[in-house]
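Here subunit A shows up in two complexes: once beside subunit B, once beside subunit C.
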Partner chain A sequence: MIDNSSAFRVKKALGLFMMFSLLAFAAMPTLWVLILSIREQSAVFQPIWESPLAVTLENFLSIGRSDFPRALLNSFITAGTATVLAMIVGVPAGFALAKARLSGKFIASWILLLLRMAPPVGFVIPLFITYVNAGLIDTYTGLIFAYMTLTLPLITWSMWNSFSQIPDELIEAAIMDGASLTKAFALVAVPAARPGVVAAAILGFLVAWNDFFFALIITRSSTTTAPVAVMNFISYDSVDWASIAVASIALTLPILPLMAIANRYIVQSLSGAVKG
Partner chain B sequence: MAFSSTRRQRGATYEIQRGYRRMIIPALVAVSVFAIVPLAGMFGLAFSDYHLIRGSEGRFGFHNFVRLISDGRLMGSVYVMAILSIFGVVAQVLIGTAVAVGLQKIVGRWRMGRVLFLVPYAVPHVAVALIWLSLFTPTLSPINAFFDIFGITVPSFLTTQNGAMFAIVVADTWTNFPFSMLIILAALQGISPDLDEAAALDGATRIKTFFYITLPLLMPALLMITLFRFIDSLKHFPMIFVITKGGPGRSTQATNFYAYVQTFQNSNVAYGAAIAVTLFLMAALISFYVAKLNQRVSS
Partner chain C sequence: MKHLFTTALVASMALGASFAPVHAQTEEVNVVLFGMPYTNGLQDLADQFEEDTGIRANIEVIGQDVFENRITLTFTGGSDDIDVVHAPVIQVQRWIQAGWLQPMTEYVAAMPGADDILAGPLNAYVVDGENWAVPFMAGAGLMTYRQDVLDEAGLAVPETWEEMLEVAAAIHTDDRAAIGLRAVPGQGFNMFIFPMIMRAYGGNFFADYEGGDLTPAINSPENLEALNVYIELINEYAPQGAGNFNFAEVLAAAQNDQIAFAVEGTGVVSRIVDPDLSQYAGVTGIALPPGGPAGRSPAIAVHGLGIPTSAANPDAAARFIEWAVSVDTVTQIALNEAFPDFTTGPVADNPEVIAKYADVHPDFLAMRVQALDLAIGHYRPLIPDWPSLGQAVGENINAAVNGLMSPEDALEAAEQEMRDILGLY
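Moving on, here comes the complex of A and B:
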C-alpha cells in the first residue's frame, strides 16, 4: 500500500537521480579523456556535437614518436626496482613485527605510519641538497632511493597487518616439525599471506608510479618519469590537450589491472583495523 | 631427560626470537638510511640559514621559527590547507558512503559495475589534475560548451580564490572518493542483515535504520577514512601545482606547496625546511593518534 504512495515514488526518483548524478560525476571525466584522446587537433576546442566525426589515431602515433615512451620506461624501472627492493627488506620485517615477542612495537608502528604520512617536502629538501653534492640528481639510483622512502614504510606496514591475520599456531607447528624460522617464513607464512603479499607489492608500485613530487625535483631530462613528462605538453603559449589525454590514458592503463586484482585487499592492507 | 628437553626448547625459543630480530635489521637499517637520515637533515636545515644560491653564513637557531609566527603568507597557506582538507574530506566521505550504500543493493549481473567506480582511483594524480584543468578551462570544457547551448555562461572558476579551491576539491574528491567507498563497502559487509530486519520489524523506517543502526556501526570506518584522507590532504601538491599553480596570485598556496615555493623558487631552503618541520609535527601528532586507534581496534 505504501509502495504506491506518491511520496514513495518521489523518494525513489530522488534516489535514482542521486545515483545517476554520482555515476555521471565518476564516469564523465573518464569519458571526456577518451574522447579528447581521439579528437583531431583542429577540433579539440570545438564542442563534440559540432564535429563528432573529427576522429583520428594520430595523437597516439605522435606520442609514440615523442620522448614520452622513454619516460614511461623510466617510471617502470624506478617504481619497479623500488618496489622489489622494499619487498625484499619489508616482507620479512613485517613478518617478524607481527610474530616476534618484541618491546617497542607501538613505536615501530608509529614510525612506519609517520613515515607514510610525513609531507614529502620534508624528505625532498635534504635529499635534493645531498644529491646535488653527491651527483645523484637525474640518476636512476637517486630516484630509486627516494622512492624507497615511499615504498618501504607502506610495504612493511601492510605486511605486518597481513601476517598478523595468520594464526600463530601455523608458524609454531612448522617450527615444532623441525623447520627453521626462515623455512617457516618462506614455506608457510608467505604462501598463507599470499593475497597480502600481492597487495603490498601492488600498493608499493602504485605510490611510486603515482609520484610527481620527487621526480619533479630530483630528475632532469634523462630519467624523468611519465607523470613529470606529461607536463611537457604544456608550453608557454599553448597546451597540447589531445596529447595530454593520450598520456593520461597511458599513465592509467598499467594501473587498472593492478587495481582490479588488489581492490579487495587494498582496504585491509591500508588500514588493517577498519573491520572493527 | 625432561630437563634437557626443556632447556633445548628454551634454547630454540631464544634462537627463534633472535631469528626474528635478524629479519627486522635490514628494514631498520633501510628505514634509517632512506627516511630517518633525510628527516634529521630537514630538522637540521630548519635551524640553519642555508640558502640555495648564497649557501650558509653559519647562523644556527630558532630564527626561522620566529619568522614563521609572523608570516602572513604562512597563515594564509594554513587557511587554504584547512579549507581544502575539510571540504575534500567531507565530500569524499559523503559521496563514498552514498555510492557504497547504493552499490551494496546491486547484486547479480550488475555487480561488476563496481569496478567502474574504481577507475578514478587508478588515475595518477597528475593526470587527474590535468583532466580537471581541462574541464575547468572555459574554452575547452565540454561542460561550458553544454551550458552555452542554453545561453548559460559557466563562470571561470580558476580566476577567484574560492573558485580555484573549489576546483581543487572537486579533482581531489573525484580521485579519492573510491577509497572511502571501498572501506565503507567492506564495513557494510561486516554488518549483519539481521539488524536491519529486526529494526524493520520494530517499525523503523529505512532512513531511521540507516541513521540509528548502520551509521553508528560505520563510525570506526568513517573515523579511519577521515584521518587517512586528512593526513593525505596535508600533502596536497600535484593538484595545486597543475590546476592553479598556487594562484590566482598566491591565493591557493597550501602549506606544503608554500614550503616548496620557499625552497625551490625563492631558494630559502632553511625557511622551507622550517615550514616542512611544522607540517611534519602535525602529521606526527595525527599519526600517533592513528597508531593508538589501530592498536586499540586490533587488540
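Moving on, here comes the complex of A and C:
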C-alpha cells in the first residue's frame, strides 16, 4: 500500500534534504579542488561567478612539465611492489594462522595488531639511522620495506579473518582427493577467499599510496613520492594553490577506477563472503 | 608454505637488488634548498656550475616543511647526504649550538667575491668570530597601499601605526577591508610582522639584548600598546577570518581587491605590485612600514648557504657557494626570476636588473634599500632558542588576536613561557 499521508511526505522530503545536504557537504571539497585546478593564477581566490572565463589548462600543463609525474610513478612503483610483496607473504601467513594448529596464535595476533597500531613517529630516529647505515635512504628498496611494515600486518590480519570463514572441510576434502597443502591453498582456499584477497590488496595499496610519513623521511630527489611532492608547491613566500589542486586530482584519479572495480569485493569481504 | 615464503624472500631480495642506487664516479655536491625565487633560479643554472668547475651539482628544491623535517633528520642522524644546506639566519644559531654546521671563515676569506657581499647580511652569520654561512638573500618588511582608495578618501599614506588606525577607520568597508596582516602563529609568520609594531612603540623581547641581558621583557607597557594596535587592526579593519591569515592569504587578498593595505616581506610585496600577477598593481604604491614613538623598524629576513658538519665534500661545497653568490650567477637569477632581494651588491648596478624592477614598480628597489638601511640585524633575536621562543610568543599573540585571552594575559603567558624555555625560574 502506498502511503500518501502528509506526514510520510514530510518525512521523505526531510530525508532527501538531509541526504543531499550530506552529499553536498562531502562533495564540496572535491568540487572546489576541481574549480581551483582550472582557474588562472590571478583568479584562484575569486568566486567563479565573478570571473567565469578566467579558466586555463596551463596548471595541468605546468604540472606535466614539473617533477610531479616522476613522483607519481615513484608512488606506483613503491606502493605496487610493497603490496605485491606483502600479498606474497601475507596471504599464506594469514592462511597458516587461520588453519594451522599453532600454539602462539594469540601472541601472534597481538603482535600483528601492535604493528598496526604503533605510531610510526615513535621509531623514526632508529629507522632513519638504520637506513642511513644500510644505504637505504632514497632507494626504492628502502621505501618498499618501510611500506611493508604498514601493508604486511594489514594484509595478514585481513586474510587471517577471510580464511577463518572458509570451512576446514573444504581444505580437507581437497587434500583427501590428493592435493598437496600448497595446491589446496592455491587452488581451493585462495579462490574461495577471493573477495578478501582483493580487498586486502586494495586496502594495502591504498595505505602505501597515501603514505606521507615514511616517504618524507626516507625519500630524496630520486624516489620522492606524490604525497611529498605536493608539499613542494608550498614555498617560502607563496603557495601554488592551482598546482596543489591539479596534483591532488592526479593523486586521486588512479585510485577511482581501482575502487570502482573492487567495491563489491570490499563489501563482500567486510560482510563475510564465505559462510561455513 | 615453506616454498611460498622462500619465494617471497627471493622476490623481495631480487627487487631490492634491481632498485639499488647507482653511484656516479664524477665529483658531486648535494645541495638541499627550500623553494623561493632564488633557489628555483639556482636549480635552473646547475649545469653552468658543472661546466665551470667539472663538479656536478645535485640541487634539490623542496617545500619548506619537507625541508625542515629532512634536514633535522639528516643532522641528527649524522648522514652525509647534504653538502650545502639552505641556512636561514634565524635558524643558524641553533644549528651552531647543536654542532650541525661547520665554520666557513677560511672559505669566506679565500672567496674572491667576498667583498661583493653586503656587509650587514654577511655579518649576520658571524657568531663567536666565525662565519657560518654566506648570504644570498635579505628580504625586508614593506607596506603596499592602494593609491586609488586613498585618493578617493582624500587621505595620505600613514607614517605611523596611529595614523594607520585612523586611515583604516576611514576606508574600511564590508567589500574591501582596510588592511591584511599575517596573524597565524609562528616565528616566521606573526612574529615576522608583530615586532615591526612592537619596536615602533619601543618594545623589546629582552631587557637589554645588545648589552647581553636576556631577561624576558615581552610583558612591557610598550608591547601591550603595540599588541592592542595589532589586535585592533586585525579584528576591526581586516577581512573576515584574518585572525589566522598567513602570507598566502594576505597576498591573495591584496591581488583580489579585498584589502587596501598590506605589510609584508619584499617577496610577497613584489607579487602584489607585479602587473602580471595582480590587476590592481597599477594603482598600488609601496612605502616603508609605519613607525611609532620609537621610530620605524622594518622586518628583515636573511637567508644563506652553509655547509653541514657531516658534509661528505666540504671543499666542493665551498666552491659551489662561491659560484652561487657570485655577481654573474646572482645577476642571471635576478633577471630570470622575481628576485630583488639579492645580497651580492654589484648586481644592483646592472642596468638590466634596474630596468626590470623599475618595470615592476619604479619605487621597489629604492624602498627595499631604505628598509634594509633602517632594519636592525636582531629584529628577531639571533639566539639558539629563538625558534622555540618565537613559537611560544607567537601562539600567545595569536590567542590574544582571536580573543582566547586578554592582551595582558597573553603577554604575561608569553613572558612566563620565555622564562621556561630559557631556564630562568
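What to note about this one:
By definition in this document, the second predicted complex is superposed on the first by the 239 of 276 C-alpha atoms of A that agree within 3 Å, B and C clash if a C-alpha of one lies under 4 Å from a C-alpha of the other, contacts with A are read in each partner's own complex, and residues count from 1 in each chain.
Criterion: a contact is a pair of C-beta atoms (placed from the backbone, for glycine too) under 8 Å apart; a residue touches a chain by one contact, two chains touch by 3 or more.
Every value quoted in this text rests on a predicted model; they were computed, and no experiment measured them.
Contact with neither subunit B nor subunit C is seen for A:52 once the two complexes are overlaid on the shared chain. Contacts of A:182 after superposition: both subunit B and subunit C are touched.
In the superposition on chain A, A:92 makes contact with both subunit B and subunit C.
Shared-chain residue A:244: touches subunit B; no touch with subunit C. Considering which of subunit B and subunit C touches more of subunit A, the answer is B. When the two complexes are overlaid on their common chain A, residue A:102 makes contact with subunit B while staying clear of subunit C. With both structures placed on the common chain, the touch criterion links A:44 to subunit B and to subunit C.
In the superposed model, A:129 makes contact with both subunit B and subunit C.
Once chain A of one complex is fitted onto chain A of the other, the partner contacts of A:64 are absent, as it touches neither subunit B nor subunit C.
With the contact threshold set out at the top, residues 44-45, 88-89, 92, 95-96, 125, 128-129, 145, 181-182, 185, 216-217, 228, 231, 241 of subunit A are in contact with subunit B in one structure and with subunit C in the other. Across the complex, subunit A meets subunit C through its residues 41-42, 44-46, 81, 85, 88-89, 92, 95-96, 124-125, 128-129, 132, 135, 137-141, 144-145, 181-182, 185, 216-217, 220-222, 228, 231-239, 241. Per the touch definition, subunit A reaches subunit B in the complex via residues 15, 18-19, 22-23, 25-27, 29-30, 32-33, 36, 44-45, 47-48, 86, 88-90, 92-93, 95-97, 99-102, 106, 109-123, 125-130, 145, 148-149, 152-153, 156, 164, 175, 180-182, 185, 209-210, 212-213, 216-217, 227-228, 230-231, 241, 244-245, 247-248, 251-252, 255-256, 258-260, 263, 266-268, 270-276.
Against subunit A, the residues of subunit C that register as touching in their complex are 1, 3-5, 7-8, 11-12, 15-16, 19-21, 34-36, 58, 60-66, 69-70, 73, 76-79, 81, 139, 247-248, 251-253, 255-256, 265, 267-268, 271, 277-279.
Contact residues of subunit B toward subunit A in the complex are 12, 15-17, 19-21, 23-24, 26-28, 30-31, 34-35, 37-42, 44-45, 50, 95, 98-99, 102, 115-127, 130-132, 134-135, 139-140, 142, 145-146, 148, 174, 177, 182-183, 186-187, 190, 217, 220-221, 224, 228, 231-232, 234-235, 237-238, 241-242, 256, 259-260, 263-264, 269, 272-273, 275-277, 279-280, 283-284, 286-288, 290-291, 293-295, 297-298.
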